[in-house]
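Each of the next two complexes has subunit A plus one more chain, namely subunit B in the first and subunit C in the second.
Right after this comes the complex of A and B.
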């Protein structure tokens, strides 16, 4: 049997497991943890399009989560617009904001770009905290917005149990992973990677690096905003300190670097490693040892960066390949 | 009118202390070209060191400098040598040391939360504090004494760093490395040792800021976060790598924060600071005093 076939079978098996998990895990707490795990994997995969492939360090993606969450929530609370439609509107709005902020910042060097994105996200948070109304739109300042329970169902994007949320975020995650795979195989992906590694060389070859980065940023901010709507519908309460928080922006970057920046499975692997650690520390040591999970995050990050600078995806995929070779030796290609 | 003048004086005093907190950041950036996100945590560590030095020995708050400066220098030197240097070496051929930036964020999380685990979340302030609430009277205006002393400390520190950088051999080696690390290496300067020393000096300067803050600022595990983002804004305003720029950037931020509330809700001043920061980044990324080759 060829390795490609085995890979396909493994992939299918993992997908079956992912879709069957809620049938096994009945605990609402564990499902909640899984939903947030996939939520962060989704965010990080979206971040990775610009933060991984394009080789810049955006540290303000929480702003796009906030834009998505607030747009769909305001539209649905005040105008009865379906959150699904609001999700798209939020995505478009985030894309516009993302492009506007990127035009002057993307040509900056790494550290400056990181600082600019932080200032931009913090600025948005401060504004949302200080604005009660934009014209007729009620933002409700620091108090945030509560989404009152409506009739549940797919149309209203509101469910009584966790399972539907699990499947929605799982499908969103798979879709965005497929998209990053396609981007990495498309011209845009090559342009981004070339521009991230050696901008001068790439430009000398006639690649419009700035344009490729801008497109990546637009895609990334659009996708990130969609997750914002999901989060709003999942938690039914949004407020600026939690949804446009610097901690969220940093956690996304942490997961990406630990998992493997610029790889397709890296963000998911990073989330699989970090999120459960964080959640279990919070559940079991939240009262006695507050902040323990953040110490662990920091330590994991430093150790991974010291010993596996390309993230944990590299040793994992190497071990998987070695195992395959051991179990099913392939005929040599006659070299 | 008198209120505005009083606010301006307080803004300049507090702003110079902001500038002092940002000087370490700008030194480290100037040499390593890395934004140290753990900077606020260094300040926090310095404040705890100062707090315990003063509380345990009962000396005058400013005498804690004798303990805090060497402790913070050693701490910064060790941090750079043990944690950051290996990553620097691994990333040597990468143009944009992004990993180092994120690793400093990891250090921030570790330091803040270890402090939380060890000392708990409570706010601490000096119990026997001779400077508590001390005021100078200027006619009908009041000026906080510890903030005035902080202003003096900031000026003296800036002058001392300037002299050190200009007059000593180590200072020259540091400046050479910050201008061109390859050329400096060719001249026989060990760039990684320079990084260690620069990080140590940056941390020690932050320790001075911590001592200046401790007479009127509470100590708690996340105290650094308040000065973290502010520090980044200040150093970009003044020009990353520039000591006098940090002082001036700090005073600008201090003035906006103290005079702004006369005209608007206090929380809006924060948005103005971010806006100004973004404008400077867009229009003149090298800041008011920075060198163009830095960005």
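Right after this comes the complex of A and C.
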């Protein structure tokens, strides 16, 4: 049997397990943790298109989550627009904002770009916290917006149990992972990698690096905003501190750096490692040692950066490959 | 018609005039050598022509078209490719990936780009190393990779910035043969080089610059016997001693 076939079977097996998990896990708490795990894996995978492939370090993606969440929520509360439609509107709005912000900031290198994106996201948060109304649109300042759970069902994007949310975010995650896989193998993926690693050489090879990064940023902010709507419909209550927080932007970056920036599975692996650590810290040490999970994240990040600068995906995929070679030796190893 | 024509090109960095009213012409199918002592402005001239810097004044014409201030990626698409003196491989990717990045310039399909990249690697006797990470290559192979990347963009004019520095003599000879073969395929070549044996064997004409100014131009033989050139490289005393 060829390794390619085994890989396909393994992938199919993992998919079956992922889809069957809610049948085994009946606890609402654990399902909640899993939903948020996939939510962060989704956010980080979207972030990865620009933060991983394009080699820059945006630290303000929570702003796009906020734009998505507020857009769909306001549209549905005030105008009765379906959250599914609001999701797309939020995505388009976030894309526009993302492009406008990126035009000047993507020219900055390294830490300067990261700082600029932090400033931008914090600016949006402070603005939302202090604005009750933009024209007819009610933002309700720091008190946030509550979504009354009137009718449940797929059309209204509201459910009484956790399972539907689990499947929606799982499908979103799989779709965005497939998309990043396709991008990494397409011209755009090659151009982003080249522009991120050696911009001057990339430009000499016919690559408009700034434009490639801008396209990546547009895709990334669109996808990120979709998750914002999901979060709003999942928690039915959004406020600036929960949805546009610096914590969220940082956690995305933590997950990406530890999981493996620029790889397809890195964000998922990072979320699988960090989210449970964070959740159980909050459950068991929430009142005695609040913020313990951030200390642990920091320590893990230091160790990963020292010993596996390309993230935990590298040793894991290497170990998997070695195991395959041990179990089923191949005549030619291929790539 | 000349492939590249440079007229009174000047590049000023603050108070330093790195290039001073430089005139150059390369005809189609020619190999032109550019030499000069360290710091003479050779790479700056390349950077101006390839669009990395905009020249302060003067005219650069490529195939009859004025290209002052054009961006490097547009020039590359027009058929002007360059290599870098300090090699810039995409170190975390393998050789084939590196060259495929370049061959994407004419196509949107990965299959076509990869096939073209492989063909370029074959033509440079480099295909056996296609799976090696660019960061793990020897210096000679990195230089070869630079050339492969430039060639994969299908250039009409190739600017080579010291691609033979650091190579062993037999590798230099191999490179010279490769460039002659490229010239025979119709590619015009403009080459900066310090290895005189290579520049003498390769160039149809040679231009010598010092402190940003052209001090001599002619066939390799003429340049080798030019007093101003010897003075520039070795100083006044050697000219006197030679006489």
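Here is the rule we go by: the second predicted complex is superposed on the first by the 332 of 335 C-alpha atoms of A that agree within 3 Å, B and C clash if a C-alpha of one lies under 4 Å from a C-alpha of the other, contacts with A are read in each partner's own complex, and residues count from 1 in each chain.
Here is the rule we use: a residue touches a chain if its C-beta (ideal position, glycine included) is under 8 Å from a C-beta of that chain, and two chains touch if they have at least 3 such contacts.
Only a predicted model underlies this, so the values are computations on that prediction, with no experimental measurement involved.
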item	value
Clash or fit (per the criteria above) of subunit B with subunit C on subunit A	fit
Touched partner set for A:204, first subunit B, second subunit C, both or neither	second
Subunit B versus subunit C as contact partner of A:190, first or second or both or neither	second
C-alpha centroid angle, subunit C to subunit B via subunit A, nearest 10°	80
First (subunit B), second (subunit C), both or neither touched by A:314	neither
Subunit A residues touched by each partner, larger count belonging to subunit B or subunit C	B
Which superposed partner A:109 touches (first subunit B, second subunit C, both, neither)	first
First (subunit B), second (subunit C), both or neither touched by A:163	neither
After superposition on chain A, the shortest CA separation from subunit B to subunit C (Å)	10
Complex contacts: residues of subunit A adjacent to subunit B	55-57, 104-105, 108-112, 114-116, 118-120, 122-123, 126-127, 129-130, 246, 250, 253-254, 257, 289-292, 294-295, 297-299, 301-302, 305-306, 309
Residue ranges of subunit A touching subunit C (in the complex, touch as defined)	185-187, 190-191, 193-194, 197-198, 200-209, 335
Residue ranges of subunit B touching subunit A (in the complex, touch as defined)	29, 33-35, 83, 86-87, 90-91, 96-99, 101-103, 105-110, 112-114, 116-117, 121, 221, 229, 232-233, 236, 240, 265, 267-268, 270-271, 274-275, 277-278, 281-282, 285, 295
Residues of subunit C touching subunit A in the complex	50, 52, 71-73, 76-77, 81-82, 84, 88-93, 97, 100-102, 104-105, 108, 110, 113, 131, 149-150, 152-153
